[in-house]
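These are the structures, in structure tokens.
Common to both upcoming complexes is chain A, partnered first by chain B, then by chain C.
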Partner chain A sequence: MRFFRKKQGIGKAGAGWSLFAGVVSLIYFFPVLWIILTAFKTRTDTLSIPPKFIFTPTFDNFIAVFYRSAASSQDAASTGFELYFFNSIFIAGTSVILALIIGTLASYGFSRHPLRGNDTYLFVILTTRMLPPIIAIIPIFLMFRLSGLSGTYIGIILLYTAFNLPFSIWMIKSFFDEISTDVEDAARMDGSRDRGVFFKICLPQVKAGLAATAVFALILTWNEFLFALLLTGTDTRTVPVQMARTLGGEIGVDWGLLAAIVTIFLIPVFAVTYMLQNHLLRGVTFGTVKK
Partner chain B sequence: MTTLNSNATEQQSPTFGFWVWLMAPERRGALLITPAIVLLFAMNILPLMWSFGLSFFRYRANRLNPPEFLGWDNMFRNYEKVTSSSAIWDSFQTTAIIVAGSVTLQVIIGFLLALMFAREFPFRKILLSMVLTPMMLSFVAVGVFFKFFYEPSFGLLSQAIRVFTGEPYILLGTKWGSIWGIIIADAWMWSPFVMLLVLAGLVSVPKYLYEAADIDRASWFRRFRTITFPYIKSLLLLAVLFRTIETFKLFDLVYIITEGGPGSATETLSVYVYRQGFQYFRTSDASALGYILLFVVIVLTNLYLYVVNRRSEEL
Partner chain C sequence: MSILKITGLQKSFGAITAIDGLDLTVEEGEFFALLGPSASGKTTSLRCIAGIEKPDAGQIEFEGSDVVPTPIQGRGMAMVFQAFALYPHLTTEQNLAYPLRERGIEQTEVVRRVAEIAEQLRLGHTLARKPDTLSGGEQQRVAIGRALIGRPKLLLLDEPLTNLDAKLRHDTRAEFKRLHRELGMTILYATPDELEALSMGQRIAILEQGRIRQVGTPDQLYDAPESDLVARRVGSPVINLIRGTAKANATINLPFADISGGNWARTIAGFDVNTEVLLGLRPSQLKLVEGTPGGPNFKATVELLEPLGDVTILDINAAGVEMQMVLPEAKAVGFKVGDSLEIEFDPTTSLLFAADTGTAIS
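The block that comes next holds the complex of A and B.
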């Protein structure tokens, strides 16, 4: 998606349109803004009627994410969120790296050494991703219980690697398909071996694509909820699961705390959305739509 | 193996011979995709086969009894049981309502947003990122947002309505209120997706067509119908199909906002299967039900890829 192509493309508009678009975007963005504001509010400000737009900001909620403040009647013990943050990052990071390695090999295979029934393989791979997770989770739950994998890092990492693979394969394949094979053919002509062609010629050309794929997969994995809900134990629980548990609490939900957690994660997401804008279309459609 | 030439090595060392066989160029494609296929088989295909088998057995995951085969004469009993219960049709209906409502809203909002962004203006990139942020958030986070808005006492929605009626408003207390609550949250999250696809279509329209239309003094509607629409048609169709598949599977948002309630008013199919499988532990029923869902999704995915391929032939 290139916005500045000659002859093809979009008209210009002035600052007036900016103002209009700004107002519309702010309205659309309002739920996010409201949560960010809530993250900086005290408990009384959060629950105030009518809602407060102007208030003295406080960092208590952010501190409370990791340390429950002694002031709030409960014990001063840690909320455990440092563990859940570590789990989320560790599990998502490891599985994305694994999926990226396996996925790059596979997509190179699909793109450059097509097998008989290549499209069928690709279709089945996409279907495993499209199928409702609730179908897969029942047998996986039984399988994990039987093999003792449930509640372990290895189990959830393997599952997430498999969860990320279809996405990675389709995404990276779309990048491989795009680069011209002329240079590769020339290198083969000159006696380069397949390994050299792959590492020295193909990989450097899809580097940006690999980075985009990794970032998308990271966000998808971080956001995943159902598998984590059913297959992680107290030690391996991820942030979304703990958020849902906090929300389901019987004694009044601590909205400030939840808002602070969401806000912490909002910054990287917003940065990614800003930087990867040109890859976003491909990312959200699993590489099936390029432009 | 010290001073042997490579030919001799191949014959003498079986491990090395295997390596050479494995690395042969004609096996390259298969070799490269093997790790991926093995992992996907173990983590996806095998479990699916397992649950397919289980759908012909009597089994509850919270009991110790091993699965018990239903017998050849009534092996489809779980399927019969599942399809004859009225709850599943209610939940099919709920899902259909949510899909229809949400996808329609997404198309309308996404389309309008795309029209707004389909021109160059100062601060465009930052504003575009703001609008695109919702779809990058987790369902849990979006669920938190909207549950917070819908909260009866201090939630913004309730407070806004209280200004007029003087009474707190409990959106999630009624069936239709809850369904609308979910539709709005889902549509807010995914309208940017439709916008992104429509925008890609709008950007690809050659400018000279509009210039020609200007000379011909074509009306706004005629321009849209004959120039713009053909360019966004296939992308719009893709967006609708993709969102239909995804919304059909909706689980997280419902689980967070209403947990399927009140009663079973917002039980989408995924939530229904979840309750059957993990609250009532009717494991084999849930498996049978899962297979019916799988069939629907495979049909939709096929349709989606058909459109993708037809579009790439056009380009």
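The block that comes next holds the complex of A and C.
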């Protein structure tokens, strides 16, 4: 058990190491920074060599994300980006939440009430994720066609939920496995029924694990392209698919526009990860807590 | 009146038999200690009594009725777990209040009793903190408080002192006795520590490999152990058990002396000559010969000296038999390894066991 855990680490390692860490993280962050800068550049600045880091920012790219620049500028038509953006949030959000709910219940079962052959079931669940997605795409496409699911929210949400589940179950189970069953027995002796034990005792203890799982699942789902391309329709299209569509064009790739889309697209994942950051760190260091 | 009566309790985990026909009766209001080494089945016994574990066979009668079918929530018992098992995400205050809230006790009453127990266990300053910021002793008091707050009829304590340092352990022993006296509840206290069992338990059960070997007061266990195993468990330093053979005239032939005149004399008079026996001599029974020896005596060499302040423990060797003896510090002063000592003892208080079965002969 850790006693007197304090917030620590800030500045403790010394200036040299901090600088080193700063440089490394800058290298990591550079591609992201590059994209964000590009989003504010004019087409000339974007393509200039050597690249410009000091330039006059423009919001034209961001406007272009939402409005098609019609030559006759009066009837600037909507690009429909709001819809795709909403679709991305709605589809990824719903399927992550569903996977988290189902995954939590399933992994609690696997952890606390193991079946005969528990490990086999867990293994089988994971095998679906071992298949390269490209192998599954044709049968899934045909099934979606037949069942009328293609182009619907329900279809793609179900698919993403199924994709997220194996990983969620494995990850959340490891968090349930970590926590002491004595604590649950204590709660039962204190008068809690099974449901109380689950909601009041177990769930709060794996909060960090749930946050970590949610972030990883969200990132995977958020950026998924292949299935979204084939299984969503014009109404349910997600942002990655829309991004691909901007790649083609008579004037070549509009890097500024693409960068603006990506910049906007990054905001929700950034926000969620930032909000859950404290939990995340606790989730990753979970194993250090003595049972 | 007995509050808890266990008969023929049986519990296995796969091939491991944790509890093997355990019988136990605890009286109402008693401080009862369950003394057994690691893996003897202490935790499993308590878990069966509490209802966490379902026994394979046997009866557990609590207040006159069999509780084996009673769900864990309704047994009116509380337990302090070996590793405390505090709710890590709740503050001390919430930990203490949990049993009351789960039983639907009214909020004002909850607040009142939490305050009362926090006061009693000196936890006031920790109420707003979570378990991982508490010291070991504070965590343990929270665990005790959480068990006491529901006013259980039976309190199960599973090695509650094992995770504390020596000083705290000593203080807490006194604390438990005080709580027992003040609250008058029945306590079943499992421990591998003889000192804890003897100092707190009004009665003690010696547990070994999932079975009770003897139940008695500390004096009964010390003075009249029913087997060599119990004799070895109770008393520190450990009793010397010396292999010998019964001879004619109720005499026992030891490697270093012939002795007679113990309580056991009449019994062994009826034995076949050459029956193997174990003579039990407490280290404190061995005395240095001063003047003319008053009883059986022998020569021994000192092999190790362990000064403990008031007393010194000596490892000695007499005709190839290793023994321990305890001397007051003043008498051991100046002794060194290799010294030869003359030792005597009073045979009437010696214990005797059958060498094959280990049962006491008296």
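Convention: the second predicted complex is superposed on the first by the 219 of 291 C-alpha atoms of A that agree within 3 Å, B and C clash if a C-alpha of one lies under 4 Å from a C-alpha of the other, contacts with A are read in each partner's own complex, and residues count from 1 in each chain.
One rule holds for everything that comes next: a residue touches a chain if its C-beta (ideal position, glycine included) is under 8 Å from a C-beta of that chain, and two chains touch if they have at least 3 such contacts.
Bear in mind that the values here come from a model prediction, so they are computed numbers and not experimental data.
In the superposition on chain A, contact of A:17 is made with chain B only, not with chain C.
Of the two partner chains placed by superposition, only chain C is touched by A:193; chain B is not. Contact with chain B, but none with chain C, is seen for A:274 once the two complexes are overlaid on the shared chain.
Within chain A, the residues touching chain B in one complex and chain C in the other are 1, 3, 5, 289, 291.
On chain A, the positions that touch chain B within their shared complex are 1, 3, 5, 7-15, 17-18, 20-22, 24-26, 28-29, 31-32, 34-35, 38, 46-51, 102-103, 105-106, 108-110, 112-115, 121, 123, 125-128, 130-143, 145, 158-159, 161-163, 165-166, 169, 194, 219, 222-226, 230, 240, 243-244, 247, 255, 258-259, 262, 265-266, 269-270, 272-274, 277, 280-281, 284-285, 288-289, 291. Interface residues of chain C, counted against chain A in their complex, comprise 47, 50-52, 72-73, 75, 77-79, 81-83, 85-89, 98-99, 102-103, 131-136, 139, 146, 150.
Within the complex formed with chain A, the residues of chain B that make contact are 25, 28-33, 35-37, 39-40, 42-48, 50-51, 54, 61, 113, 116-141, 143-149, 153-154, 156, 159, 188, 193, 196-197, 199-200, 202-208, 235, 238, 242, 245, 248-249, 251-252, 255-256, 269-270, 273-274, 277-278, 283, 286-287, 290-291, 293-294, 297-298, 300-302, 304-305, 308. Across the complex, chain A meets chain C through its residues 1-5, 180, 182-183, 185-193, 196, 201, 204-205, 207, 289, 291.
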